[in-house]
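Okay, handing you the structure first.
Letters A, B, C, D and E name the chains as they come in the text, with residue numbers starting at 1 for each one.
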Amino acid sequence: MNGYNLAQPERSAHGIYMQRLGCLATLFLACALSCLASSDPQPLQRGEELQTTDNEVGRYGGNLVVAQRSEPKTLNPVTAADAPSREVIGRLMADLIHINRASQQTEPALVKSWSMSKDGRVFTVKLRHGVRFSDGQPFDADDVVFSFQVYLDEKVHSPQRDLLVAGGKPVEVQKIDQYTVRFTLAQPYAAAERIFDSLAMMPRHLLEKSYAEGKFAQAWTLNTSPAEVAGLGPFRMKEYVAGQRIVLERNPYYWKADRNKNRLPYLDELIFLFVGNEDAQVLRFQAGDTDVISRVSAENYALLSKEAPSRGFELFDLGPSLEYNFLVFNLNDLKSRNLDKIANKQAWFEDLKFRQAVSSAIDRDDIVKLVYAGRGVPLWGNVSPSNKFWVDQALPHPSRSLEGARKQLKAAGFSWRGDGQLMDHQGQPVEFSIIASSSNAQRMKMATIIQDDLSKLGMNVHVVPLEFRALLDRVFQTYDYEASIMALGGGDADPNPELNVWLSSGGTHLWHLGEPKPATDWEAQIDQLMQKQMVELKYSRRKHLYDQVQELIGQNLPCVFLATPNILVGAKKNVANFRPAILEPNTLWNVEQLYFRQAGASGSGAAR
Amino acid sequence: MKYLERRVIHGILLLIGVSVLCFLFSDLAPGSFFDEMKLNPQISSETVAALRSQYGLDKPLPVRYARWVESVLGGEWGYSFAYNSSVRSLLVVRARNTLLLTTLATLFSWLVAVPLGVWISNHPGKWYDRLSMGGTSLLLSVPELVLVFGLLYFAIRTHALPVGGMTSVGFDQLGLWGKTIDLVTHLIVPVTTLVLASLPVLVRHVRASMVEVLKLPFIQAARGHGIGPARLLFRYALPAAGNPLISLFGLSVAGLLSGSLLVEVITGWPGIGPLLLEASMSRDLYVVVGAVMSSTLFMVFGSLLADVMLVVVDPRIRVE
Amino acid sequence: MGLFTNMMPFATVSLEGAALLRVRALTVTYSTRNRQSAPALRRVSFDIAPGEILGILGESGSGKSTLALAILGLLPANCSVEGTILFQDEDLLQMDESRWREIRGAKISMIFQEPGLSLSPVMRVGDQIAEIIRAHRPGNGKTRKLECEAVLRGVRLSEVDRIYRAYPHQLSGGELHRVAIAQALACRPDLVIADESTRSLDVTVQAEVLNLLREINRKRGSALIFITHNPALLAGFADRVMVMYAGGIVEQGPTAQVFSRPLHPYTKGLLQLIPRSRNGTNLTSEGRLPVIPGSLPALNPSSRGCLFEPRCSVRTAHCQNESPGEVTPERGRRVSCFNYGN
Amino acid sequence: MGTEAVGRAIKPALVKARALCKRYVQRAPFSRKKFVIDALMDVDLEIALGCLTALVGESGSGKSTLASCLGILEKPDRGEIWFEGSKVSFANSRELTALRPKIQMVFQDSAGALNPRFSAAQIIEEPLEIQGRESGARLRARACELMEEVGLSPDAGNRSPLEFSGGQRQRLAIARALALKPTFLILDESLSGLDLATQAQILNLLLDLQTSHSLTYLLISHDLSLVGQVADFVAVMHHGKIVECGSRQQVFSAPQHAHTKELLASVGVVEAAFRTAQVGGGQ
Amino acid sequence: MASKRKIVAAVMFLLSLHLAILLAGFVAPYDPAAQNRDFPFAPPTRVRFVDAAGHLHARPFIYQCVARPDGIYEYEESRELRYPVHLFVVGPEYKLVGLWPSRVHLFGVEAPAQIFLAGTDNYGRDQFSRILYGGQISVAAGLLATGTSLLLGLLIGCVSGFYGKWLDESAMRLAELFLVLPWLYLLLAVRAFLPLHISPTQTFLLLVVVIGTIGWARPARLIRGIVLGAKNRKYVTASRSFGASDYYILRRHVLPHTYGILLTQAALLVPQYVIAEVTLSFFGLGLSEPMPSWGNLLANLQQYNVLVSYWWMFLPALALVLVSFGYLNVANAFHERLQSGST
């Protein structure tokens, strides 16, 4: 095989060999490789430490077609901030330590093992031997150090950098030997291994130059030649057609194999179509153009499920997602902002009884029924019931009670006018607006239901749809809003990513952004608890601390939690090893294990 | 060509005006590209601020404008925050796709509208005239979105047509004939939608102008000279009814880049529409400005084309 | 001559030789949906011999143009037409539209009023003539172009090339007029109708156009119906004159005879109007021009008696109640008046 | 008749034009070429008070331009116009407004001369309304008066001008021009396009009105034979210049300019033919 | 005259539609915002004359709608009880024409049954009532935007065509500018400046005025053309010779020529502006819930699953078609009349 022969010498003389070649030659070689190198799985090399998977053994071949709502913007794992880019990059790249989407636990990936010092500050990882990038170049500690250098470089502005900063100091990365790297944290960090998830390891030989030139952000755009993009993921770039699709092909050097020692992935190609919106996604799936669909809305799920038997696909309801939708009141400091009207209403919003009344007036079951067509669960806290490790089972779930709400309001000094309008103790009618993103039909529906529910309490609520950026501008910048329906969460099951929400100084502490010090006792308490759990290394103690946080949140209702949708996905029946998960990416996390069951049934797209 | 010079100068002034206003409006519109990152609890606000300043978004408007003009003159047309690449490279491919779609749609709608409008204008009040008028007012009151969804639904039910995109996945492996067929089948739904959406207005205009012209004495005279009805309508009346139609045609050309936004979004046509929509939703400022500028270019071109055509068609305007 | 002995029924009247066009009892009524219809033409009968020039004289509203349009079959759809129009022994009124089209422009053609308006503003003049030839005769573009040029030369247009390529707005009134004539003659028709075609022309051009029409008539032998309101134009031009009033023919006969001895009071009045500037004016003693008092009556179906009666200087009580029939006071002349000659 | 015309000629001039020049420049799109039409070139003209002056010329000779300059609707490029002994200043719009009612124009009968959306009475009322001379019922009464004066039945006041015959429309236009009691009336091709019989009627009407309203006329026509019958003075225009000017007698009996002679000749040809026909037929 | 009869017929048709919309409170059986959360996406209630046993009834009746136990958003009729449709029933309170409170509705059925003539939406709200109420806003918005556009277009078109020269030149360049600008940004900006507290209807109408303002360019160009033709008529010159001011000439001689085009434009623009609201909602600029408008009713059709699964969601489009058809007919009839008057 051509690819084999060509790849051979490189392996023996890796870095040095490459450095000797001029730039032009590199380019030429890269081109030649991409033309000649077949993407057939490479035979196993001696000394190659493959990870063995425990999936059902599949057969090679076939193209899997997936539709994305919007086009990825870049292939650069460091600058990518949007979901579609990250989804594609996730298939091209690999991380050191990976969170298994099915078990929600970490597992070794590019490292074969890691160890942690007693104080929880020093991580030492051992890399797998013989791992090669998708262009055939070997992967070692230099690449790891280089990757972290890039992520941590302030000039590169990686959105991931903040993850790698603990106690105000970035993590220190140190190469011990060719296959050993040591990470040192400024302070202990609970579940620190989780931060390695999805941090793509990048090839130094391809990116060093642009990094040195200070042009890293411009590297690996969609228009970069596929030969110049290489990663450690199951697939590698093949083709990008602007506005239409990205085609990935098998990474012949991928470092996983099934139990029969077949090098993964099974699929020849993975194709992402860009279709614009969910409806188009559904249309394409319904028409059989795509093989897998993720995150279908409940309505479309219902629509598709009517046709599932006749059209040869299967739908899966994976249960509640980690995302939480909530209603948040504006409790920001509005002094010097010239928003007196809102400031006047903050007296209500600050009153816990008022928030409790709102919470108990909202019919969460109806939200689940009307917004999610029953495929969702009501929420009373920020942790979804599907987050088995962290959800506080003891959290009370008070049922809807208009009577209770009225009592609360009465206790807080509100009264009712003759026509049923609720008045505060100053005789002002209770009237406020809820802003929601107009492009998010679900949140608009929640707002409408809440509006109707609260009108039963005599509150005059306006629903104001706002275009998403306009909404963000109001929530984060101008504070010119009264209440808003938003959603957070979903990335990881661990509490740490939530720090910015619950710490009073956090950037996503929505109801009171940038408070100089905790405005209330319970906020101060949460601050302490969250800080504590962050450095606590033992799960059971962390869980206990986090339960307390959840209870405090539930009691004080900075946000009125509403509901979370179920994760609904679908796939053609002949896609095997399909094990969708709650964590993102819901369907493609084990794409290297997917295969087409029957002969000839390669993705329908290719046949058209 | 003094006249042409003047029109070109007007066009340039128009482009400058549009770009300035574009910038102004974008400054007024709330939010910026990097705002969405703020929603991610894992990204600190410092990082967002740093990104903003890296792309010069914290600079005052005139500075940003000057930078942009510089980049336009350098052929880059600005820089996309989202794609990390020059706007021109983003636009060129998509503009080509949009043009393929809209040119065909414009062509077809005129090819249908002119004969239909001419035919019904000849017998105002006949049943087919009334039918066409009723049909056009019905089409006028159906939103484009509903039309396109309807057609897509039809495509799914019948399996006759692809339900979106521009080419099939295996496009590259197809032969020339296969590629053509593939492209044409993908074109049918969006083109039909666009044709149906623009047809009623065109038909009505053609009919109205024709009805006016058919009252003129020279039509009677031509009839008196024994000119047959088809010849009379197409050789005599239609050119004379041309002026308002040519202005309308100029507008069609002007709208070539901007007229198909929603249809492109729904059918997943990889044109300027989805790009512009996404860019304006995510405040990818220079992409929006670039897209608007390119449609302004078409506007200028369209009205220039209309002028030239007027001179060609209406001898009264030119003096030899 | 006795009043009654000369009243002869129509069928027996015939001019010598075969007539090219025989119009018999032609009545045209415009019907508007909610107004009572009134005839625009009332039982009009006349003949034209081949090669003859017939001048039709009348004020606007007298039905001249309706007559012209009726012969060409161009009346609007809301008209009802009765009677017969025999052209080369074929009844035009019985024909279908496609046959009409074959005749129009080829056998019978028309020089329309105001050539500036009756030519398409956006077609080259040459093309407009070529279109007519194309509609009636097979041939290719080249031969048609040659034919067109010949036709243009035939109407004494110099610079045929320029005119062929010109658009109507680029031509002078006289040139346009000749083009209009060329259009009418393009297919060598047997009958040409000129409807008030010289009205808008300058006097000098008017004379030239008349000369041209006369010459073509003599050379080609095609008959010509020349419609005008100015009797002076018909003198020395038309072979016969037909005077129309309010949709009917009041007098017809050879031009010289009619002009020297008008029989109908209306004809007399018209002739008096002709200016005599060269040898003094014909002003009345009050320094006013001679006129026919009053104006055309509004057409309504219920009117009785002679329609000219209100304006007539020789009217009698009889005229009010009965409409006069046509009489032939002498060979070749006919008049509709009880008191003609007075 | 001749003596009378000479007698009138002694009367002072109501309107004087001195060295009027007017040039139209047209530019075609897609072309640098300019087209220059010299409509008036140093035109001098005097119009005697209380007389009918005829301005004759072929189409394109500049008659209408002269008419609109004298009617102070257009500003000449150069030259002066004197009205009632004082110079008309085109720069002073107030003065022009004051002058307007005294100088009125009647245009050729065409679709454009009378607003088809107005009724006959409204058409006559328009100038009165603009000048604010009458209002309400008096306005209508005055319109009826004027209609009667020009020989129209006031009953027809509510009809659209499109329902009138050409002659009636011209009467309507004259009534409208008379509404402001002008002293100077310019008839710009007012008779063209009318039947011979109607032309005579209108001319007679004009002659009647001249005496009753002490009007001065400028009658513009391309038909020399027509105006020759009634004009006191005749001016002949050719290519933007007045080539001949004098009493009717002078112009008709002793034409000086070649173009005048040509015009007279073409009139003569038709007329002669007619006389021959009359005489010949009579034998 | 026939065209007069045509006008009367067209106007009557349009008026009756508007009357129904104006009296929405009376004609509609329910409050448009009232949610029946047990009946989301219920199909239109069938009005019957023949009952399950095959008996014919003179008074129309309905069967109660009940959710099918196993399905999502699936319903069936409960044939047990007949609920006759009554006229002039007492129901929820409303204000007739926004002024007089009343409880009498044109028709209705006895509780617990409900009559949904046009089905229900996602929240179980009666679409028929929503269509009627929505018409108030939508037609008002359509007329308002159209009026603004045409008024501005008329003004600028007239000035531009009448005075010509540099005014014309600059107005037409400005028109071109207005035709290409990314208005969405401006609208977003305007929305950002508006306070959240003013009533949603006011906000919406304000935005509509902004769209109307933006839309002047096209009518202005059309009107300019007409004015250019009209100002060169001889009777305008004549009017000038009477000392008429520009204003007089514009008002009396020039403007009447534009009526035809104005009418036609109005008839074309009204439905287009109503539809424009769909796009507005798309960008979060539409009328907010729970206020109904045809735009946000139609916006439901933007969801593919709704379009495919619930045909009655199309019914608002039918209302729009009817109204725009009415406008077009009125415009056509008037146009014909104007033309027959001027030729």
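Basically, a residue touches a chain if its C-beta (ideal position, glycine included) is under 8 Å from a C-beta of that chain, and two chains touch if they have at least 3 such contacts.
All values reported here derive from a predicted model rather than from experimental measurement.
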{"item": "Graph separation of subunit A and subunit D (steps between touching chains)", "value": "2"}
{"item": "Intersection of contact partners for subunit B and subunit D", "value": "C, E"}
{"item": "Central subunit by CA centre of mass proxy", "value": "B"}
{"item": "Most distant chain from subunit C by Cα centroid", "value": "A"}
{"item": "Most extensive contact between chains (C-beta pair count)", "value": "A-B"}
{"item": "From subunit D, the most remote chain by mean C-alpha position", "value": "A"}
{"item": "Averaged-CA centre spacing for the pair subunit C and subunit B, given as whole angstrom", "value": "55"}
{"item": "Where subunit C and subunit D are represented by their mean Cα positions, the distance between them in whole Å", "value": "31"}
{"item": "In subunit E, residues with contacts to at least two other chains", "value": "188, 192, 302, 304, 308, 343"}
{"item": "Residue list for subunit D, restricted to those that touch at least two other chains", "value": "none"}
{"item": "Multi-chain contact residues (two or more partners), subunit B", "value": "29-30, 149, 152"}
{"item": "Subunit B partner contacts - residues on subunit A that touch it in the complex", "value": "63, 65, 70-71, 73-74, 76, 79, 81-82, 154, 157, 159-163, 217-218, 221-223, 239, 241-245, 247, 271, 273-277, 279-280, 283-284, 286-287, 289, 439, 467-470, 472-474, 476-478, 486, 488, 491, 497-501, 506-508, 603, 605-608"}
{"item": "Contact set on subunit B toward subunit E in their complex", "value": "10, 13-14, 17-18, 21-22, 25-26, 28-30, 133-134, 137-138, 140-143, 145-146, 149-150, 152-153, 201, 204, 208, 215, 244, 247, 251, 254, 258, 262, 280, 288, 292, 295-296, 299-300, 303"}
{"item": "List of subunit E residues in touch with subunit A within their complex", "value": "33, 35, 37, 40, 72-73, 122-123, 188, 191-192, 195-197, 199-200, 203, 281-286, 288-290, 302-306, 308-309"}
{"item": "Residue numbers on subunit C that touch subunit D, as the complex places them", "value": "59-61, 173, 199-200, 202-204, 206-207, 229-233, 235-237, 254-261, 269-271, 273-278, 281-283, 287-292, 295-296"}
{"item": "Residues of subunit E defined as touching subunit B within the complex", "value": "173, 176-177, 179-182, 184-186, 188-189, 192-193, 221, 225, 264, 268, 271-272, 275, 278-279, 298, 301-302, 304, 307-308, 314, 317, 320-321, 323-325, 328, 332, 343"}
